[in-house]
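You will see chain A twice below: alongside chain B first, and alongside chain C after that.
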Partner chain A sequence: MVAIDPTILTDIILIGLSGTLICLAVHFIPVGGAPAAMAQATGIGTGTVELAAGSGLVGLITSSYMYAYEPNASMLLVMAAGALGASMMLASTMLAGGLIYAYGVAVPFASAQVKKDPITGERQDIYVSKGTQGQGIPTICYVSGVVGSGLGGAGGGLIYYVLMQYYTPFFSTSAAAIAGVFTMGVFYVNSVIPSYGVGGTIEGVHDPKFRRVVPKDVFTSIIVSMLCGIVAILIAGGMTP
Partner chain B sequence: MVLDLTMSMAILALLGALATIAGCLEDLESDVGSQSNPNSQVQLAPQMGFLHRIYNKAISGEPISNGMSAVTGGTVTTVLLSANFYPLTAIVIGAFIAAIIYGIYATTSYAGRVASQTRFKQPLYMDIMRYTTPSIISHNFIVNFCLVAIAYIQHDILGYPFTIPFLALIWGISVGAIGSSVGDVHYGGEREFQNREFGCGLNTALSGRIVRKAESGLRNSIDNVWFCAKFGGPATGIGLGLTVFFSSWPTTIWGYTWKAMGAGVIILIVMIILNRLIEINVKNAYGPYKEEKNETEAKA
Partner chain C sequence: MSEIKEIPPTQLMIFGIIAGLVGIYLTYLLPLAVGRNGGGIALALKTIAPAFGALGAICAVIWGADAVRRVAKYGLGTGVPSIGQIALGMGIIAAMFGLAITKTMPIAGPVLAVVTASIIGFVIGWFAQHVIKMKIPVMIRCMTEIAASGAIIIIGFSAAVAGNYDFVNNIIPRVFDTGVILFIFWVGAVAMLHPFNACLGPDERQKRMLYLAGSTGASTMAIVGLAAIMTLGASGVFTMLLGIVLWLIFYKKFWDEVYNDASSVVGTGLIPKTEA
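Here is the complex of A and B:
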């Protein structure tokens, strides 16, 4: 039997874990898809993959910059930098989107999945307009989105950190590029998995769909992300330090 | 940190300004060419018997098409920079080539989409193609210019570890995601259904019944971009501008420390409060929908 280096095994497990974190994070983001773009559903008016990848990649830029200029930065700090960039992107997007729903389309924010907002305790059902699945971004969706994007950004930061530690001895100058592109790939893989589960739209942590689909999606993601981790290690196999 | 604090802040302000312009123009480009989710209505309209004169491109999802365009611009710029071109010239040429390629995709996409609707009798208007396509190309050129300039500044001046094309790709994907989430709602939720009462909510039964008459004559995509430039575009610009500015501002001031992360969390909390204030304001201004109001009154 081939003995596996414990460091390599840890790296694979860490990539698997961070991929799972990204997959979990996508469920927190209030994605309304095409109906939300017409103010016919609660959440942000675009798809899961676009949003999760868009925010996560901003997190990748901030965490890579942190890693490049603070070589002694702890793993947690790199993850926090990723979380900060990703949350900032989604928070800005939701705030600007809220302005359009409020003053461009003129619809009150309302969730169709809960009768009262768990954070503000405000009635939601009476604000849902006829023939729609809610509209705008109520407080619970906003908070859920900020937390979710933070988790996704932290996951991305962790993958980048692990890969940089592994690749730097092999490819000193282009390690950042390879680690960056690979992290982007893992982001896309783990943004697509939840799309099947949530079926295009989810309001966030309070949506009954959340509890229903998270276990299955997370399980799928663990397997797929571990595979990604194995591939990430294998592609450096032919290189000599 | 490569630069001193004053210079870093100046660069950050420049990045924020470039991002704001890029975000605004990206949304307007998606309105003039009709892309992303609202385009589903433009695509659906002929099937519902509503023939129209609106450009119907939707090359792909906005993040992907803008990412492609920005990475093309970034690649050409990198090649020209390595041939010792001046940075500004290299960025302009790179952005221009990417915009022309984007224009080719736009025309083939428009022709292809309309051709697939022959059975619904939707005509392909050559005048629309002739004078809307240059507008799409010019909007896309400005977006590419701003995104590649951001990537250039981040790579060459601030020393980000990623290359110019990769940074441009990431910002292209992000600007598309923001444009698709913010400005498109103004186009899809309001402009396409402007004949309905303002704030009435959009019943799903209205799908495909888009407005086809303009303020004067028949509506086309140039009319749409004129309307969306008043609110949807600038709001998208604010979205990307805030993202670029606030994702780097805490670390510019406090360096790469937990203090900077704490400052970021405070900014996020302020944004949550702002969103809540908008929610309260809107609910007070518009109130619940009429039928529910009557039901409550009847119960009382």
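Here is the complex of A and C:
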């Protein structure tokens, strides 16, 4: 169909990179799953996919807004808008969750994976209730979550930006819908893959699990995202009359 | 549970693929077949044609729910919803690709979408099994199946809203621009993941789960019909009413199964006293 030219190759690699950013983001977000919902594990009390996709989709909205109202926006600006939106979404989720954990459930925030919080230096282990995996969202988890969702939002913004370059000539006004829906598909694929890797729960960047699972998840994600990138660019190829 | 006869996976797979694709193709071929003559029957056939897309999608929902059941039985660690979401994520990528790239030969679109979805599903399943090391023996096969059924669900319900599966002329203005695609994505995923998520447990049985899958698929069809009233008018009314009727039938069947299974729980008596 189309000969491999360097621009297309770069774009495929960019889509692969953005999928990898999303995959990496999931590892940063403190996901506690069902145990955290009962304040028996550190993190936010819902699944990996819900958090990553939720923050990522808000990032997609902010980055597409940037793209729509600033036509000359550079790639970095679109990515930054995505990162900002996603981080705000997750930060407010964690803040609201933290308020409920602190004043509703009344648990001290403590991580079971590290002895001292790497940021504040506070002892953690003495506050962990017996028989639990920590409770609430300690400082390191909060910071890790904000950084992670920023990466995810930037990744979503990057795919959107690349796809818009391809689709605008063929679909004009509908390009945003098509690029957005495609980005959403890539987002879900890339947030489920790492959630299988981490096995449902992870505390954030300080979790020993982080180092163990990141390489294989990122490798999987880069291959799958590049496959999606090829498919996405072929869609535009199929439209050429 | 071994004494209860279950429908084999291959049979459900063939049912899902064939019935799903036939339904999707009817939305395109039925108006073509009666195209020239404009009698009352022809008009009626044209009106009901889009509903077949949704019927095909229900078959794919039933197949997909069974595939979800087989893989999620092993315990994914992330909950059943994650697999429904990845299914529709893969499905939507493949569906857009398959329908968009065959602009000159639309007849090949849905088949190409299913094949692409299977390839993406196979790749993800292979990586999940051999790189992430999930140790689920049916992972590769089920991932392939749920991706393919996801693609059929997306195309089927989209065709019911758009009239047929022509990507550029129908699906983009009627499904993408109106935002109905987001609804199809989400509710399609829930239709597929909910049956097993709701039924799982030690007393889970395939028959009950399949009826629930039919009911979630049909309720999705009813709401898709509501969206189709906006885009197609009379066809949407037909889709919605048929969806409601099917939903009631399947839900009644599911209800009966629940009662049937509940009545077959046998009392085992009190825990025997162990003092010697």
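One rule holds in what follows: the second predicted complex is superposed on the first by the 237 of 241 C-alpha atoms of A that agree within 3 Å, B and C clash if a C-alpha of one lies under 4 Å from a C-alpha of the other, contacts with A are read in each partner's own complex, and residues count from 1 in each chain.
Rule of thumb we're sticking to: a residue touches a chain if its C-beta (ideal position, glycine included) is under 8 Å from a C-beta of that chain, and two chains touch if they have at least 3 such contacts.
It should be emphasised that the depicted structure is a prediction, and the values quoted were computed from it without experimental measurement.
Engineer: Contacts for A:Ala177 in the overlay, against chain B (first) and chain C (second): which applies, first, second, both or neither?
Structural biologist: both
Engineer: Touching A:Gly199 in the superposition: chain B (first), chain C (second), both, neither?
Structural biologist: second
Engineer: Touching A:Gly148 in the superposition: chain B (first), chain C (second), both, neither?
Structural biologist: Neither: A:Gly148 stays clear of chain B and chain C.
Engineer: Applying the touch criterion given at the start, work out whether A:Gly33 contacts chain B, chain C, both or neither, answering first, second, both or neither.
Structural biologist: In the superposition, A:Gly33 touches chain B and chain C alike.
Engineer: Between chain B (first) and chain C (second), which does A:Gly47 come into contact with in this model arrangement: first, second, both, or neither?
Structural biologist: both
Engineer: Thinking of the overlay built on chain A, is A:Val186 touched by chain B (first), by chain C (second), by both, or by neither?
Structural biologist: Only chain C; A:Val186 stays clear of chain B.
Engineer: Examine A:Ala80 and indicate which partner it touches, taking first as chain B and second as chain C; both and neither are also allowed.
Structural biologist: first
Engineer: Touching A:Val231 in the superposition: chain B (first), chain C (second), both, neither?
Structural biologist: second
Engineer: What is the contact status of A:Ala102 with respect to chain B (first) and chain C (second): first, second, both, or neither?
Structural biologist: first
Engineer: Which chain makes contact with more of the residues of chain A, chain B or else chain C?
Structural biologist: The partner that reaches more residues of chain A in the superposed model: B.
Engineer: Could you give the residue numbers on chain A that contact chain B in one complex and chain C in the other?
Structural biologist: 33-34, 47, 49-50, 53, 177, 181, 184
Engineer: Taking the touch rule as given, give the residues of chain B at its contact with chain A in the complex, in rising order.
Structural biologist: Those residues of chain B that touch chain A are 1, 36-38, 40-41, 61-63, 154, 158-163, 166-167, 170, 173-174, 176-178, 180-186, 188-190, 192-193, 198-205, 207, 231-232, 235-236, 238-240, 242-243, 246-248, 250-251, 256-258, 260-261, 264-265, 267-268, 271-272, 274-276, 278-279, 281-283, 286-289, 291-293, 296.
Engineer: Spell out the part of chain A that touches chain B in their complex, as residue ranges.
Structural biologist: 33-40, 44-47, 49-51, 53-55, 57-58, 60-62, 64-70, 73, 77, 80-81, 84-85, 87-89, 91-109, 120, 122, 125-132, 135-139, 142-143, 146, 176-177, 180-181, 184
Engineer: Help me check something: in the complex, which residues belonging to chain C touch chain A?
Structural biologist: Listed in rising order, the residues of chain C that touch chain A are 76-79, 81-83, 85-86, 88-94, 96-97, 100-103, 116, 120, 123-124, 127-128, 131-134, 168, 172-173, 176-177, 179, 181-182, 185.
Engineer: In the complex of these two chains, what residues of chain A are touching chain C?
Structural biologist: 33-34, 47-50, 53, 171, 173-174, 177-178, 181-182, 184-189, 192-193, 195-197, 199-200, 213, 216-217, 219-220, 223-224, 227-228, 231-232, 234-235, 237-239
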